[in-house]
Structures are given as structure tokens and as C-alpha cells.
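You will see chain A twice below: alongside chain B first, and alongside chain C after that.
And then the complex of A and B:
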């Protein structure tokens, strides 16, 4: 038998008996960050490839979601800060060892850029749109002229943002569930897939939907492959890692993870997408809805479960 | 200079004086603590072993809490003491997540708080409050680089361990076993 208890009666709110410092705000923030990263990645990708005409929703309409998601995400992050009046301290320095720091800077860049992106398509989306001020019109002309380099920068930032949503967690050695380098690519893939789902939901163009559908199917397969890898790593790891995995293999997160994330969030929509590609009729909203929902549950499960895993006590 | 603490698990009786001394000395808000006592019971009856440990921040040499702090509020000062500058802390909680010892807590005022090795006392040449108040003298504090310091002497002829060395933080609380 081995038992450890606090004889001095330590019972600090949100620390004991299990760490619960990050509530719903952080998983929501990670989710919206990944979603925006996915949307912006594909928008910029198709502009760089010169496929603007074929991928209208991807390049224009869907990108409206990105700044909204980013602003809500930042709002959630701000909500979660416990010393709110000092939040500006985040932007007095940049610290590369701290994902929270370079992530905050990435958001600081990509959020206004995504707004500029949407604004630069305003005239195409809403005929008759007028910026009223001369300098805005000049700026618009300049952006439209430099759209490709602009897209390159934003695409790189989108990838950084997507990876960051995973690295924010994986950098914590103290939480064995998070401390795996697969989390970066896994969260990036999941973010790209949720981004695609949002675009597919909005798109009315058959050709565009098919193209995105195909990419999404591949992304989901990559995601499942990474998740298998994640568990293989845990099972072959030290005691704290196998303990972390056991939360999902019979532990309290088994149902939420396997049913909502893996089956309903990945496997089922992937099957539907594959059927759709083969010509079966599938309600257009269903796969995107499931993917978006599964992605959200995934972030919540990972953040909650990770805080339970530990080295001591 | 490298400040550290040695904790004699054979002498500690788990009275909790160090906890109360710290709360008083540092005005720790009600319901919180910067140090605490763990009772570890292992084995099966009748051959059970009890180990009592007075724990606190390990003032790690390779401190993840400092590395992950986005603002630099968490920092290391001379002697290896890990501190938090209150008005640089945004209360993001990253450092709390990063500490394998759960040694930090969010102060009700918003910033993150933890053991400071009583730097205000140490600067004056005194011991941390917990060390001085311990009735069994089981806490030893001092400079590891000084062979005559209390902590160096305590570590010299005894076996010791650190907690969760596999977390890689190079903790500086040494538990005499």
C-alpha cells in the first residue's frame, strides 16, 4: 500500500485535490484559435495557388469567421486571466521559452491581418460597398496589389497559430498527458480540419465542397493516425504516462473521448464524407457539424484530463 | 551562491508549525498555504512506514515556471530563489500548470503566489520563518556553496532524496531519509 495525504489540511481552491486552474475559457480559446488558423490557412493557400475564382467561399466568405473567432478567443483568454488589469504586461516583452508569450504575439499579428483580409474582399462580396475615406481606399488598393505576399505571411502565421494551440499544452512537463510533442501537429491537424468543416458548411458550390471534402478526409485520417501514435507513446512510456492514458482507457474520460471525439467527431463524419464522395446523398450540414463539435469536445477533454495527470500525490 | 533546504523526514512529527509560521510571517490569505505537510504511508500492516515531509516550492535550478511565464513576472534572483513580481503577473496560470509540485496558488488578489524562501528575512541574514519555528529542528537552510552552512552540514552525512527528479526541474529541497 502507498498512500500520501496532506496532514496540514492543504485544500487550496482549484489546486486541491486536483488542479483545475484552467476552466472552460482555455479550451474554447484553443478551439477558436485552431478553427481560425484552419480557415485562414486554406484561404491563403488558394490565393497563393491562384484558385480564387474556383474557391470563392474559402477565400472570401468563410474568412469572416476567422476574426470573429479570434476576438472571441482572445476575450476568453482575457476572461481567464486572474490579474486582468495587468494584461498589457504580455505585450511589454517577448519570451521565446514561453508559448503563452509568442502565442499572444502571433494573435496580435494575425487578428488584425485577418480583418484586413476580409475588408479587402468587401467590395467583391457586397457590391456598392464604399470605404468613405480616401486613405482606406488607397490602402485597399495596396493590399489587393500585394495579396500574394500578404497571403504568404498570413499562411505562415496560421500554421504557427495552429501548432501553438497544441504546444501551449505540450510545453508543460509537469502534466504527463500534455507533455508529448505529438500535441503540436495533432492540434494543428484538428484545427485545419475544423476550419475546413466551417468552410464546407458555408459553401454552396458543388465543386468547392468536393475539393474540400477530399482534403478533410485526408486530414481526419492523419488525425486518427496521430492519436494512435499518441497512445502508443503513452503505453510505452513511464508510469505517469500510462496513468495518463488510463484516463481514456477505462478512466473517467473514456466515454467523452471515444464516443464524442473519436467516433462522432472523427470516424463517423469521415465515413459520411467518403460516402458523399462516392455519390451518396448526405445532409450537407452533418459532417461539418460533427467535426466542429468533436473538435470542441477534444479541446475540453484534453485540458480537463491533462490537469489531473501529475507526478506526485 | 545556491540557497537550498534540507528537511529531516526522520525528525519531522508533522505538527504543522512551519505552515502556520509561514502563513503568519507572509500574510498568506485564509485557506491558502505556501508550505504544507505530507504524510506518506507505505508498506502493508504490520510493517508500515511513515514518512513526514514539510514541502514547499523547490526553487528549482531548471524552473519550468520561470520558463513558461509570458511576462517575466516569475524570475530567479541571486541564490537561485524563484520569485513572482506581483505587478508583472497577469494571472494566466501557466506557471501553476507547469509546476510538478503544485507549489503555486492564485492569490485572491489575482497574482500568483508561492514560497519565497522568506527572502526578506534571508537578506537580513536570518532563516526562513518555517526553519526557525520548527520545534524538532528538522529544517536546515543555507547556501550549498558554503560548506559550513546549516544545509551543507545537514546533507554531508545523511542519505537524501529529492521529489520527482524525473520531472527534470532540478529541485533544491533535499529530504533526509
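And then the complex of A and C:
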């Protein structure tokens, strides 16, 4: 056991010296939020590019996951709240300097929009589908007519959602592991990659899978690049930063991070994807499964480890 | 195999093993489902400590590596196909799986009495000149050779 004498004028249980307020709900939400952002980004991107026909799973089928992931994620966030009945107070203000305010408003918009997106494809996905009410059918016609502008708005919101899942952590200036500007792009890249993985898992179209496979390979490389820079930044930083990094470089998160996130969650699926592109037969579910699993472990490790890093010594 | 053992000892400072990973998984499962039994059982309790999970063991990670490494080799040499049961054409899948289950249980029990399985006791053991390891190697292959005829129809 590591004992420590701590003298402080403050007495804030669960905050000093270690943050102990975020449990499984937060990383689960960050993961599902990133996943939904990734799926919606690629769905909207291919609609804007006019490639709906070639990317059927990306644009239609896979987007069903997005609202489900968002609703489960928001459920987890709600569960985490101490004063559940006051959640609506987030919507009484708009604060540009608060990532949580950005997130709350983005979610408020993107969740119903993702449901509308899926609904607008129901007739194409399930022949004979009828909305029963005239106004719903009229609304659907209007959405289908304005699909491209709708896609533009949702694509921008998806990027904000993906970045915000990282910024939410990096805005904690008291936690050195989180307090780095790389976390925003890193979480966005990871979210895009997990989103792609989910689409690839669902897609049966060889051409579509190949296209997504190629993008995913690039995203994984970008993610590895960002992680290397994350650690380079820590190692070149002050003592608290090197201390934070040491949790992953010999400390208690070394195994979970390097084995499950870096090797099994990124490097190994990237190798398999590269082999698949060169014509080798790889079980279709395997790379997506590993990427999704690695992404989940990544969120859990970052949230867990970040809470025990601190500036006070 | 010999080169592999040399490399493993060089890198990790110890030998290989496979049954240890299964043992860790069994102990962890027992500890999660019936913690009182796991803590009072003289054998299980040896592997339970308060600060680290029994899964925090190099053999567990080695086994993970064997699985994924084998998979990678299978992909590269185009041996990965649909999941199937490999057996003699004369028997059913059910017979094959039942025999495998019984064999696995016997192997698991035997490896715990023998302080290791074919890789832990026989291979790594004899590589380090352990007398027990040599005995295990002889008994393992000797018994296998003697009774293989009885189980021939499971394979050919």
C-alpha cells in the first residue's frame, strides 16, 4: 500500500487528492458518443458527396446504431447525475467557454436529427413502410428534398460531438493526464475509427468494405501518431506530466493500455486490414470487433487514469 | 520449439506455459462467483491476492499472444476459413466435442497434479534440466504412444 501524508486547507472528499467521481457511466458515454459521431459523420459525408448508391450500409443501415448509442449514452450520463431532476438547467444557458454546454446543446440537436435521418430512410429500408399520419409523410418528403443541407448540419454537429468527448476531459486543468489539447483530435479520430468499424461490421458490399477499410487504416495510423505525440508532450513536460505518463509507462495502466488499446485495439486490426486490402482472407467481424473493443478500453483507461493524476504534491 | 524456449527464457527470464492461463481464468471465475469458496479452498487461495487479479499473469498474456499470433499466421498463409470442427469422417461432431471436453478436463487435472502441462512442465522443464520435467516428457509421450490406438477412430 502507498501511504501519503496530505496537508491541505481544503477538505473535498472525492476530489482531493484523487478525483473519484466518475465511474463506468462516463467512459461508456464518451465511447458511445464517439461511435455515434463516427457513424453519422460518414453517413452524412457520403450523402454530401452524392455516393448514397455505392455506400448503402454507411448511409442507411449503420445509422440505426447512432440514435441507439446516443440514447444509451445519455441514459448513462443521466444515471451518473447526483441531482437528476436538475439536468434541464443545462439548457437554461449557452456558455461558449464551457465544453459541457457545447456538448449538452450538440446532443440536444444531434440526437433527434439522427432519429429523423434513420426515419427518412425507413421506406427505402423496409418496403411497404407507412408513417400512418399525413403530416409525418409530408415531413418525410421535406427532409428527403433537403437531405444535403440536413447532412451538412449533422456532419458539423458530428464533428463537434466527436471533439467534445475529448475536450470535456482536456478542460479539466487540475488533471494533468487530461489537460492536453491533443485529447480533442485524438478522441475524434478514435470515434471516427470506431464508427467506421461498426459500419464495416454491418456491410456486406465488397466495394464499400474496401473503401471504408482504406479510410480506417489511415485513421488508425493518425490515432497512433496522436498517441505518440500525447506521450511526447507528457515526457517533455513538467514533473506532474511525466508522472501522469508514467502510469502508462510502467505504472498500473501499462498492461491495459499497451496490450488492449495499442496492440489489440489498433496495431493488430490495422495489420489485418492491410492484409485484407492486399487480398488475404480475414474474418470480416474480426478487425471491427478489435477496434470497437480497443476504443472502449481506451475510454475506460483514460477516464480511470486521469482521475488519479494531479498537480498537487 | 527449442529455439522458442531459448528466446522466451532470454526475453522473459522464465519458460513457457499454457495450463497456467486456464488456471488463472478458473481461479478468477471462482473468485467472482463463489468468493468464499475460492478464498477457503487451499489450492485456489494460493493464487488470489488482494492487490492483483490472478489474470495479471504473464501466461495469460502469452496465451492471448498465441491466439492472435496463430490467427495472424493463419491469415497470412490462407488457412483461415469458416469456423468448423475438425474430426475423423467416421464420427459425429458431438462425439468429437465430447471427447475433446473429456480430454481437456483430464489434461487440466493432470497438469495441476504434475505442476504444469506439456509446454510448462515437459518443454520448459526439460529445457532447464529439471528432472521432473524430463519425467513428464517421457510419461506424456510414452502414455500417449501406448494408448493412441484406443482413440484412433476419433481422428482417422
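Just so it is clear, the second predicted complex is superposed on the first by the 296 of 313 C-alpha atoms of A that agree within 3 Å, B and C clash if a C-alpha of one lies under 4 Å from a C-alpha of the other, contacts with A are read in each partner's own complex, and residues count from 1 in each chain.
Everything below uses one rule, namely that contacts are C-beta pairs under 8 Å (C-beta built on N, C-alpha and C of every residue); 3 or more make two chains touch, one makes a residue touch a chain.
Remember, it's a predicted structure, so these values are computed and weren't measured experimentally.
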Partner chain(s) touched by A:255 [first = chain B, second = chain C, both, neither]: second
Touched partner set for A:90, first chain B, second chain C, both or neither: first
Touched partner set for A:14, first chain B, second chain C, both or neither: first
Partner chain in contact with A:282 - chain B first, chain C second, else both or neither: second
Broader residue contact with chain A after superposition on the shared chain, chain B or chain C: B
Contacts of A:22 with chain B and chain C, given as first, second, both or neither: first
Common ground on chain A, meaning residues reached by chain C in one complex and by chain B in the other: none
In the complex with chain C, residue positions of chain A that touch it: 255, 259, 264, 268, 271-272, 275, 280-283, 286
Residue ranges of chain C in contact with chain A within the complex: 56, 61, 64, 68, 71-72, 75-76, 78, 80-81
Touching residues on chain A, where the partner in the complex is chain B: 1-8, 10-16, 19, 21-22, 80-87, 89-90, 92-93, 95, 97-101, 104, 171-175, 238, 240, 307, 310-313
Interfacial residue positions of chain B with respect to chain A in the complex: 14, 16, 19, 31-33, 36-44, 48, 52, 64, 67-73, 87-94, 96-102, 105-106, 109-112, 163-164, 166-169
